[in-house]
Each structure stands twice: as C-alpha cells, then as structure tokens.
Amino acid sequence: MTTKESWNISRYSRQILLPQFGKKSQELLAKKKILIIGAGGLGCPAALYLAGAGIGTLGIVDNDMVEISNLHRQIGHKESLSGKPKAESLRETVQNLNSSVQVHIVLQRLTQFNAIEIIAGYDIVLDCTDNVLTRYVVNDACAALSKPLVSGAAIGWDGQITVYSASVDCPCYRCIFPEPPPPKCVGSCDASGVLGPIPGVIGCLQALESIKLAANIEDAEPLIGRLLVFDGLETKFRTFQLRKRSSNCIVCGDSSEDFSIVEYDYASFIGLNESFTI
Amino acid sequence: MTTKESWNISRYSRQILLPQFGKKSQELLAKKKILIIGAGGLGCPAALYLAGAGIGTLGIVDNDMVEISNLHRQIGHKESLSGKPKAESLRETVQNLNSSVQVHIVLQRLTQFNAIEIIAGYDIVLDCTDNVLTRYVVNDACAALSKPLVSGAAIGWDGQITVYSASVDCPCYRCIFPEPPPPKCVGSCDASGVLGPIPGVIGCLQALESIKLAANIEDAEPLIGRLLVFDGLETKFRTFQLRKRSSNCIVCGDSSEDFSIVEYDYASFIGLNESFTI
Amino acid sequence: MPQVELQFGGGLESLTGGNKVVPANFSGEQVVLGRVIDWIRTCLIKEKHEYFVQGEHIRPGILVLINDVDWELEGKTSYVIQEGDRITFISTLHGG
Amino acid sequence: MPQVELQFGGGLESLTGGNKVVPANFSGEQVVLGRVIDWIRTCLIKEKHEYFVQGEHIRPGILVLINDVDWELEGKTSYVIQEGDRITFISTLHGG
C-alpha cells in the first residue's frame, strides 16, 4: 500500500498543503461516502469536484437520459452519450478524472419507497434534484437517518444553498417549509430556463460544503442554519439566518418517531397547498 | 442553415427561455470570440460553461502539461492525458461537450512580446493565470486594446473576481495596483495550496460575467468597478467598490499612448517592489 | 413614519414589476409586519396575488426575513417594524 | 473614542493570529486612518510586518477599503474614522 498512498499524497498535495486540511483530512475524505441525488446542472460540478478532492465513495442517483438541451449546464456529460443514462455518463467523466474513487450508480428515481435503503449507506447527501416532491422525499429520509443534507437549487439567474439536518439545532427543509408551494408557483429549469453557470456556482459550493463536513475541517463554518442566496444577474450573494430545528416538525421534531416515510401521503401533500398559519 | 439553426435553438432552449436572454443574446454569443488565458483551476470551469452556452469561438492559451496533482481542481483534464498539453486536453473536453464551438489553442506562455497579437482577435479576455508577471502582461495588453478583462484568482480557501477595462470609467489592474507585491508576499497554488471548489466557483463566475458582457444582457450588472471576494472557509461573499480609472495609470491613463508593452521592463517592475505613496 | 426597504427575490420580483428593492413609508407608531404584508398585497402587487399570499397568509414556499434573519425568530406578523428595517421576501427554488 | 472593526483577508489574517475581524478603540477626536494603520503595524502585528507595510506605507498588493469602498475614494490615510467604521485590508490573490 506504500506506493498507492504516496501516489495519493502527491496527487492531493495542493489541498494537503492547506493548514486547515492536511493529511488527516485527506484520510478522512478517503473513508467517506457521499451520495449525489440528481446528475444534472448541480450534480455534475458537485461530482467532479468531490471526485477531484478524493472522496472515497461517490453515489449517483438519476433515472434520466442525457439530452443535448442539458449540455449548456450539465458539463459532466457529452454529446456522444446523448440518450444514455446520466448516472452512467457522469460516472465515466468522474472516473476519467479520478479512477481511485469508488462510484456507485442507481438508475432509479428516488422515491419514498427506496429512499431509506439508498441513502442509509452514505455519510452525506447532496440534493441536486429538480422538483418539489423529490426534495421533500430526500429531506425526510435524511432527517429520519440524521444524515447531513447539502441542498442546492438553481433557476433562471438565481441560486440557493444551505445545509440541513447537520446538527441538533440545525433545521430540516420541512422545519422551514412545512407546506409545499402551490404547483403553479413552482418553476423548473425546463419550463422557466436557467443559465449554466448558475447551477455551476451552486454545485461547486455544494462540493465545498460537503468537503468541509466530510473532512471535519477546523475553523470552517459550513452553511448550517444559514441560507446563501445568489443573484447572478447582479452577481450578488446574500446570507440569511434561518430558524432552528422545529420541535413541531413531523420528520425531525419531538414526535418524529411517528413519521413513516413509506406510509406518508406525498401525493396529497404536494397537491393540497394549504397555507400555513403565520 | 435552417437545420443547423433549429438544432441550436433546441440545444440552447433553456437559456433562450430566459426573458433577459432570448434568441438575440444567443445569436450574439455565437458571433463572439472569448480568450481564456490559463487552462488550470479557473480556466477549466470557465471554458466548459462558455462552451456549453454556445460561445462562437473559444481561445485557450497555456504552455503547461497536465499533471496528476492538478486534477483535484482542474476538472477539464483527465488522468489519461497526464503529460499532454493542458490546452489540448481542455480543447478535447470542450469539443466533447459542444462540437459546434470553434476552439483555437495557443501552446505558448503569454508574454509581453506575443500578448497583443494573441489577444487582438478576441472580444473578451479571461485572466485565469497563476502568477503576477502574466497578470500584468494580460492587463496591459487588454488596456491597450480596450478589451474587457474578466479577472479571477484563487488560492487556499479564498477567491476574487472583477472585470477590468470594460468601460470608460472602469479601472484596469494597474489603476488599482500600480506597483506589484513583493515576491515574498505572493502565494501560489503550488506552494500554498488551494481547495478545488474555490477556483471552481470563481471560474464559473468568470463564465457568467463573460456571458453577460458578450450577450449584452439587459438588466445585468457585471462586476465592473466592483471586486467580489469569496471566503470559502466561512462560505461568505463580500463586494467592494473599487476606484475609477486613474488618469495617472501608465497603461490606461491620459498618457497611455506613451506606453509600449514590448519595450516595458517587466523584469525590473516585478523585482523592484517599491511601495507606492499612500 | 418608519421607512423600510422591501426586497423581493427568487422570482417574486416579477410581482413588483421587476423591482427587487422597493422603499416604503408607513404612518403610525406601532406598525407591525402584518400591516406591511397587507399593504404589499393590496397596494404594491397589481396582479397574480396568489403568488404572494394565500388568503390572509404568506403563501407556502416564501421565506420572510427581517434584517437578514428568519422572521420565525422575530415574531413573524406581530414584529414591530423599526426605521431602516430590511424586509426580504424570497421564493424558495427547486430547479437543479 | 471611535470604535472600528478592522478586517483582514486574502491571507493577511495570518498576521493577526488568524483573526479576520479585530475590534479596536482609538482615543481622540480626529483619528485619521493613517494612525489606525500605524497602530496595526506597531501594536497589533507581532511579526512579519513587511507583509503589511513597506516603510511608512501599506505594501503594494493590499487593497484598503472603508465601509466596503476603496480608500482612494475616501481620502486614504487622511480619512477621519467614524464610529462603527469597517476598515478592510485585503491582499490581492494571483493563483489560478
């Protein structure tokens, strides 16, 4: 193993040099498993920078196929793999960059029925998905399993990122949004458009936050309890302080043991759209 | 041309959908030539997102070879091309993403003797270099040619980006730093280290600013006269207001016609390190 | 007559004619945030009110911040606004 | 006795023991920024002073900002500091 390890130290020397990082963080990264849900505009840069940094295992969940109209923002794919599964395409790009990373792909949509099984084996989860339903499913599974969730989103010229369920006080997505937005108020990249560098910036930041958490960086302040908002048209960033974990939250509050992700009626939840009390 | 154009509209539909972008901006992008100086940590993401967006011509200047220790942050290269020129490696990745982009590579270091010739044919220049000397040469050539310069930098956990020489009032690098830092105060990624997602974020932002300038986006506020500073350890962004163009600046001020980039003594300049008057 | 800065983001600026920042004055001494929201709904927003409110309440998916802090920590609609407050309304994004 | 917040970035925080933010008080009525810089040099920074100053002057490659604005626009060393000012020192970066 000496040869392998010395090769790795040279490969990662530029980050091992950092006083806050060092050999200890590199060894930690090599042991960690990170799951990327969604191999699109956010998942592509996140996967590449996590692989570059030397994460031990990278899981990629996606059931979509590469389309040419994805390529303006999904820079981990290529024209020649159009029509092929995105998770396979991204795995190939990741392995070409760093063959020492273990890549596991799941060619399924994440649902309330497979979420716990898929997520359970990982240390950290990245929400790189593109719809409200999956975001609640990912959140609820991570809350149930107490997995830190690095949640990114992008649309138009705007991006957002925060970390959920990463500490006792840290809220989950449901703590902040106990009710989903009305479907007509929800934009998607396919329907509303998005400029490529917007998910690029947010995906890179998701990789950064994941590295800080996975490598246990001293002096780092991950985006726990903070929402970073990016306005790409004006190139402005704002940070907002979020509420703490809610004791009333059905998935991470005081009665969360009553919650069953498999039995929960997500269809009604996403369709109901009742306003919450202010 | 109908088939080609309709294919392109579908390919870029997700950005054409944006009300600030539209078909007009896409057509502008297709006519523009952007030069990336440095195919490293900043140049890789910048090149990929510019190619994805459908820039007409992309120039890549770099005389280095791919090394395994680059790959933690230079995600446009791959293990199998280790030892090959970075500009060639990045061209291959860019063409795999978007074969309709014209890519020109220059396998030379940018110097005071070739800078004007290399830069003259482009509309916008990205400074993705890694040393003080080249940064002044790039700046001086862009100031002389009145080319907008999207300048990015990254080291350790820190990143910076601004746009120089993009309007009458807009300063150049020398307006703000008429004297170079003492060599002992200058860190490099090779000597001081850098975490991959830091240049990732800055490189994505360089692509974004370039798209805003090249596609003439209404309502956009590019980073002209503003310096964006990124602290990756705390995931905080700050924006600072910079001075205007200086009439005393030797390359863009009132007597700039006296400046000759070919005759200027860069070696003495970088070595002198006299303090400027405060 | 506290003057406040209202900010709209994440797409909500489309409800205010593209204005991301709207200054506003309110007469009276104890102006609560609920009254500000009511004014936005009835006077500032001209159409598509359902993107901002559902009945009496802010619609789900909008985060309200008082000087960059989640309004849950500040009393929500009963918060008494102060001179110079920044009140931010951000729609949460779901694309990727 | 204006209290100001001194901020150090781009690597300069290594000169202040890793502290990116240092609050400081100055006695007197007309405290100019030059005096603040002198205090940083003589009292705050314990070693490697040449990374901060060259002789009497801020070393080349450091950008000084007063409340997020380039000090060139504010009178540089002759600027009279006000209560609550943020004075930022940022080293320009060159890596890529």
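Chains: A, B, C and D, in written order; residue numbering restarts at 1 for each.
Just so we're on the same page, a residue touches a chain if its C-beta (ideal position, glycine included) is under 8 Å from a C-beta of that chain, and two chains touch if they have at least 3 such contacts.
This one's a predicted model, so the numbers in the text were calculated from it and none came from an experiment.
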Target chain C, source chain B, minimum contact steps: 2
Whole-Å separation of chain centres (CA-atom averages), chain A against chain B: 28
Length of the line joining the C-alpha centres of chain C and chain D, rounded to whole Å: 38
Chain centre separation (chain A, chain D; CA means) in Å: 39
Where chain D touches two or more other chains at once, by residue number: none
Multi-chain contact residues (two or more partners), chain A: 156, 189, 192, 194, 219, 234, 239
Chain-level touch network, classified as line, ring, star, complete or other: line
Set of all touching chain pairs, with the criterion as stated earlier: A-B, A-C, B-D
Of all residues in chain A, those that touch chain B in their complex: 7, 10-18, 20-21, 45, 48-49, 52-54, 68-69, 71-73, 75, 77-80, 96-99, 156-157, 189-198, 200-201, 204-205, 207-209, 211-212, 217, 219-223, 226, 228, 232-237, 239
Parts of chain B lying in touch with chain D, wherever the complex brings them together: 38, 40-43, 127-132, 135, 152-156, 158-160, 176-182, 184-189, 192, 194, 199, 227, 229, 231, 234, 238-243, 273-278
Interfacial residue positions of chain C with respect to chain A in the complex: 9-11, 20, 34, 50-51, 53-63, 65, 68-70, 72-73, 76-77, 88, 90-96
